[in-house]
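Each structure below appears as C-alpha cells.
You will see two complexes here that share chain A, one where it goes with chain B and one where it goes with chain C.
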Partner chain A sequence: MTAHAPAVDVHHGEHHGPPPAHQSSRVSAPVLGMFLFIASEVMLFGSFFTAYFFVRVVNPDAPGWPPEGFHVPVFVAGVNTAILVTSSFTMHWALQSIKRGNRAGLQAGLVLTLAMGLTFLLTQMLEYARVGFAPRDTAFGSVFYGLTGLHGAHVFVGLTLLTVATVRAFRGHFSPEHHHGVEIPGIYWHFVDVMWIVVYATIYLL
Partner chain B sequence: MSTTIEQQHDLHATPAPRPRGTRARLLAPGWLRALWMTPLFLGIGLALVLGIRALAGWDPIWYWQPVLTVAFLTTAPLGFLAGIGCFDYWARYAVGTPTQPEDHSGHGAHSWRDYFRVNTDHKVIGTQYVVTTIFFLLAGGLLAMFVRAELARPGTQFFDPQAYNSLFSVHASLMIFLFIIPAFAGLANFVIPLMLGAPDMAFPRLNALSFWMLPIGGVIMLSSLIVGGFGAGWTGYAPLSTRGDPGSLFFQMGVQWAGASSIATALNFLVTIITMRAPGMTFWRMPLLVWANFTTSLLVVVATPFIAGSQFFAMFDRVLGTDFFTPDQGGYVLAYQHIFWFYSHPAVYIMMLPGFGIASEVISVMARKPIFGYRLMALSLMAILFLGFSVWAHHMFVSGMAGYLRVPMMITTLLIAVPTGIKVFSWLATLWEGKLHFTTPMLFALGFVSMFVIGGLSGIFLGALPIVIHTSDTYFVVAHIHYVLFGGSLFTIFAGIYYWFPKMTGRMYDERMGKLHFWLTFVGFNATFFPMHIIGVQGMQRRIADYAPEFANWNFFISVASFALGASTLIFLYNMITSWARGPRAEANPWRALTLEWQVSSPPPVFNFDEIPQVVGNPYEYGVPGARHAVLNGDRAAVEEEVRVH
Partner chain C sequence: MLNPLRSEAEAFRFVLLLLGYFAAIVLAKAVLGTTAALVVFVALSVAVAAWIVRARSAA
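After this line comes the complex of A and B, so read on.
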C-alpha cells in the first residue's frame, strides 16, 4: 500500500503524462484504500469468530470453555496485551514526530514499536510451544489456534510494513508534508492492536 | 489482433527500452524471469515445509498435503507473480532505494505482446481480464458439454460417477470464480475510469496485481483435473471436501487466489469512484454502471473474506487435521454452510448487479430515452446490497439448521423481489415508446430482461419453503441458477462485450454475425434449460451421473440443445477474432451515447483525456434538446454557458 506518486512527468520533457486526476473527496486515496482493506480484514476475522460462535455457543454438545484438561495462560497473554497496546502509543508518537519534522522521534517511535511487536510475536510462539495442546486437539484447539494464528499472521504483516517504514525513516525519507508511508502502516498497526483486544477478550477472558 | 497504439493520433507514451544482454534479460521483469523465479519459490516453499517438519520431528517428513498447499499452491504462484514483475516497485520501495517515478512506459499496448506483460494501464488490464475470462468460459463450457454428453442417455457412458462429479464441480467453479465475477470486473476496469473522467484507476499497480492473481486461481482449479478433480461441487461442503479426494485442496486454494484478486479490484473501484470523479460528477450524476460496480464492490469487500474463511477452515481440516467440522471432536458441520453462504449468497448479487448496470447503459442508449427512475435504480441497488446479507440460510432450508431461521429467511428472500422488480419495471418503462435500435447489445440486454424475469420467478418458488422442500437439489434448481446466471449474467456480459467492443478495440464487430449469435444462443439456451424445470419438478436429482429411464427423452433433447448452444459460442469467437483483426474502423461514438467513455477516440488515448472533463448534466438525457453530460478539452465557454443556463 504505497502512496501513488503524483502524475507529473519530469523525466520525459517531450511527452506529457496523464492529466492530474481531479480529487473528488477530502480523504486521500491511500488512506481510504487502507480503511477499506481493514473493513475486509475485519470480515475475515468475522468469519473466524463465526466459527468460534458455532463451536462454543451454537453446538448443543459444546464442552466448557476451555474444555476440561485444557488451560490457557491468561496472565502471560495479559502482559502480552499490555505490550501490544503500548506499541500503539509509540506508533502514534512516531507519526506525530514526523508531522512536526522530528526525525529522531520518528525513528525512536518506529524502533520501539517494532521491538514491542516482535516481543509480542515471540511470546505468542513460546505460548504455542508450552500451551500443551495442538490445533488438532478438539474444536477448541482448532478455534484457539485459528484465531490467535490469524492474528499472529496479521502482526507479522504489520511488522513487515513497519520494517519498511523504519528502513525508509533511517534512509532519510518522509517529511512533515509526505508521511503516508508512516501513517498507513500505522493505521494497520492500530487495527491489529484493537483486533487483539477482541481476540484476547473472547478466547482468554470470556 | 493488430490494434496498436501506433495507429492512434494521440500517442504520448513511448515503450520502455528492451533489456540487452542475457543477464539483463534474465533480471528484467517478464516471462523469462518468471521461468526461473517460479521454481526458485517452489524450492523455498519445499524447504520451508520439509525444514519445519524435520525440525519438529514429524513423521513422515514428506507429506503431500502441506507440500502441495504451501509449495505448489502458494509460494510457486508468488514466485510467478514476482517474476512477471508485479512486485518490482514495492520491492524497491521496501528496501528504501529510490523508486522509479512512474514514467508511463507501462501505459498502453504497443503490440499484442504487451497484453502478456504486467501493465498498469486500466484499459490494457480490462482487455486482459476479458480475454482471460473468455478463455475460462470456453474451458468451463467444454466441461458442461462433457456433462451433457454423459447425461444424454441413462446409465454410464463416458465418465464414471466420480469423474462426472469433478466435471460439474470444475465447470461451476470456473464459470463463477473465473468467468462471471472477473468478466464484469474486466469490463468495469476498462470503462469506469473513462466514465468517471479519471486518467486511470486509483492504484494502477494493485490493479495489475489483481489481474495476474486471476489466471493463477484458474490454472489451479483446472489442474485439479490432473489428480482427478474434486467432486464436492462448487460449494465444497464439509465433510466431503475435507475428507475426500485430493482435488478439493486445489479448489480451496484456487478460491483464495481468485478471491484475493476480486477483493483487491473491488477496493480499487471503490477508491477510484470515491476520490477520482471529474469535477461536476456528483454521485447522482454517475452512470448506473458505475453505481452498479460501486455496490458490487462494497459487497465484494465485505463478503468475500467469508468464503476465504470457510475455505481456510476446510483446508486446515484437511492439511493440519483441525476439527472445525469434525462433530465427535466438538466441531460443527453446519458452520461450513453458514459461513460459505454468508459469502455466497451476496455473491449471486456480485454476479448480477454489474449486469444490471450494463443493461441500464445499453437499454437507455438503444431506446434513445432517459433511464426511467434513475435515483430509484441506484437506490434499489443499495437495497439489494443490504437485503442480500440477510438471506443466506435459504440455501439451507433442508440442511437441518435451526428451525426458527426458516421463516425469517423466507420473508427476506421474497423481499428481494421488490428492489429487483423496481429495476425490471424501470427498464420496461425506459423502453416504453422509445426509438428502439435492435443492435446486438440491445438484443442481449432485452434477452437478459426477459430471461432474468423467468429466473426471478423460479427464484420465488425456490424461496418459498413449502415448494423448496420438494424441489431442493432437483433440476428445478439447475434451471433456476442457469436462468439467472446464463440468461442473466452471461447475456449482460455478451451485451457489454458487444457494446464496448468498438471502444476497446477501435474496430466494429460484424452486426449480422452478432445477431445470429444472439438468436442461436437465445433459442439454444431456452431449449436447454427450460425443460429442466419440468424434469426437476418431476423429481430428477441434480449432481448425479445417472438417472431414472423415464427422464431419458427430455435429457436427450436437452443434450442436443446444449450442443447447439455450445456451438453458438464459436460464432461469437469467430466474430470477435476476425473483427478485432480486420473489422472496419469504429467511430468514436457509434451508439451516439452521452457517457464519457464515448466522448474520446476509439480506442481511447493512452491517458484517456488531455484534460479532465467538466461534468455538467445527467448521463442519460437522450432525446432532451441541448442536453450535455460533460464538456471536454477545456471548452470553457461551453462550461460557462451550461452554468448560466442551469
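After this line comes the complex of A and C, so read on.
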C-alpha cells in the first residue's frame, strides 16, 4: 500500500484522476486568466506612462510640449485611432455572430478586424519612417518610441492571436456554446484598443 | 478586489466609455484650455469612482 490514496474512485468508477478544480468565480478560468494577464500589462504600461509624465513635468520651464523641433503627426495618428476603434466594433460583431450561430458573420468580423489591425501597424511603421526623429534624440524621442513601440508590440501579439482565431473559424471551429477561442483574443484586442486611446490622447493630443 | 469586467461584451463597452472619457478631456483642452481639461478630468474621474462605489454597494 502506498502513502497516497489513489485518485480513482474504486468503488464507483465515476471519476479518474484528481478531483475537478473548485470554481468559485462567476468568470470562467480562461477568461479570468486573460483578465489577470491584462492586469499585469496595465502595470507594464503604467511604468512607461510614469516615465513619460516624469519627462514631461521635470522641465516645467520648457516653452512647449512636444519640445521644440519635434512634431508628431496628429492627423495620421487620429485616422489610425479611428481604424483601431472600428476594429473593436468588428471584433465584437464577430463574437456576437458566433454566439448566434452565424459563422459567416464570425469569419467576416475576424477578417475585417485582422485587416484593420494590420493597417494600423503598417501605418505606425510608416509614421516611424517619416516622423523625423529617432529614439536616441532626447528623452522625448525615447518615451515617444518607448510607449508607441510597446503598444505596437501588443498589436502584433493581438494580430497573432486573431490570425489563429481566424484560421480556426475558417476550419469550422467554434459554436454558440464553445467560443473561448474568439472571446479571449477579443478581450485582449479591446485592451490593446483601450491602451491606444490612452497613448494617443496623452502623447498626441494633451 | 472584484474584477469590474466579466466578458468580452463588457470589455467592448469599456472601450466605448473610455473613448467618451478621453474625448471630453481633449475637447475641453482644445476649446477652453489646460485648466478646463484638468477640471473635466477630475470631475469625470470622481463621477466614475462614485458610480463604481454605488454599483458595488447595490450588488
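The working rule: the second predicted complex is superposed on the first by the 186 of 206 C-alpha atoms of A that agree within 3 Å, B and C clash if a C-alpha of one lies under 4 Å from a C-alpha of the other, contacts with A are read in each partner's own complex, and residues count from 1 in each chain.
We take it that a contact is a pair of C-beta atoms (placed from the backbone, for glycine too) under 8 Å apart; a residue touches a chain by one contact, two chains touch by 3 or more.
Quantities reported herein were computed from a predicted structural model and do not represent experimental measurements.
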Which partner does A:R100 reach: the first (chain B), the second (chain C), both, or neither?
-> neither
Between chain B (first) and chain C (second), which, if any, makes contact with A:G46: first, second, both or neither?
-> first
Taking the superposition as given, does A:F191 touch the first partner, chain B, the second, chain C, both, or neither?
-> second
Answer with first, second, both or neither: which of chain B and chain C does A:V27 touch in the superposed model?
-> both
Partner chain(s) touched by A:G141 [first = chain B, second = chain C, both, neither] | first
When the two structures are overlaid on chain A, which partner does A:V58 contact: first (chain B), second (chain C), both, or neither?
-> first
Using the touch definition from the top, say if A:A201 reaches chain B (first), chain C (second), both or neither.
-> second
Which of the two, chain B or chain C, is in touch with more residues of chain A?
-> B
Quick one: classify A:S88 as touching chain B (first), chain C (second), both or neither.
-> second
Residues on chain A lying within both footprints (that of chain B and that of chain C) | 27, 32
Enumerate the contact residues on chain B facing chain A in the complex.
-> 12-14, 89-90, 93-96, 99, 101-104, 107, 197-200, 202-204, 263, 267-268, 270-271, 274-279, 281, 301-306, 308-310, 312-313, 316, 320-324, 326, 329-332, 334-335, 338-339, 342, 402, 606-612
Touch list for chain C against partner chain A, complex | 3, 5-9, 11-12, 14-15, 18-19, 22, 25-26, 29-30, 37
Where on chain A is chain C touching in the complex?
-> 26-27, 31-32, 35, 85, 88, 91-92, 95-96, 183, 186-187, 190-191, 193-194, 197-198, 201, 205-206
List of chain A residues in touch with chain B within their complex = 2, 4-5, 7, 9-12, 15-25, 27-29, 32-33, 36-37, 39-41, 43-44, 46-48, 50-51, 54-55, 58-59, 61-63, 67, 135-143, 145-146, 164, 167-168, 170-171, 173
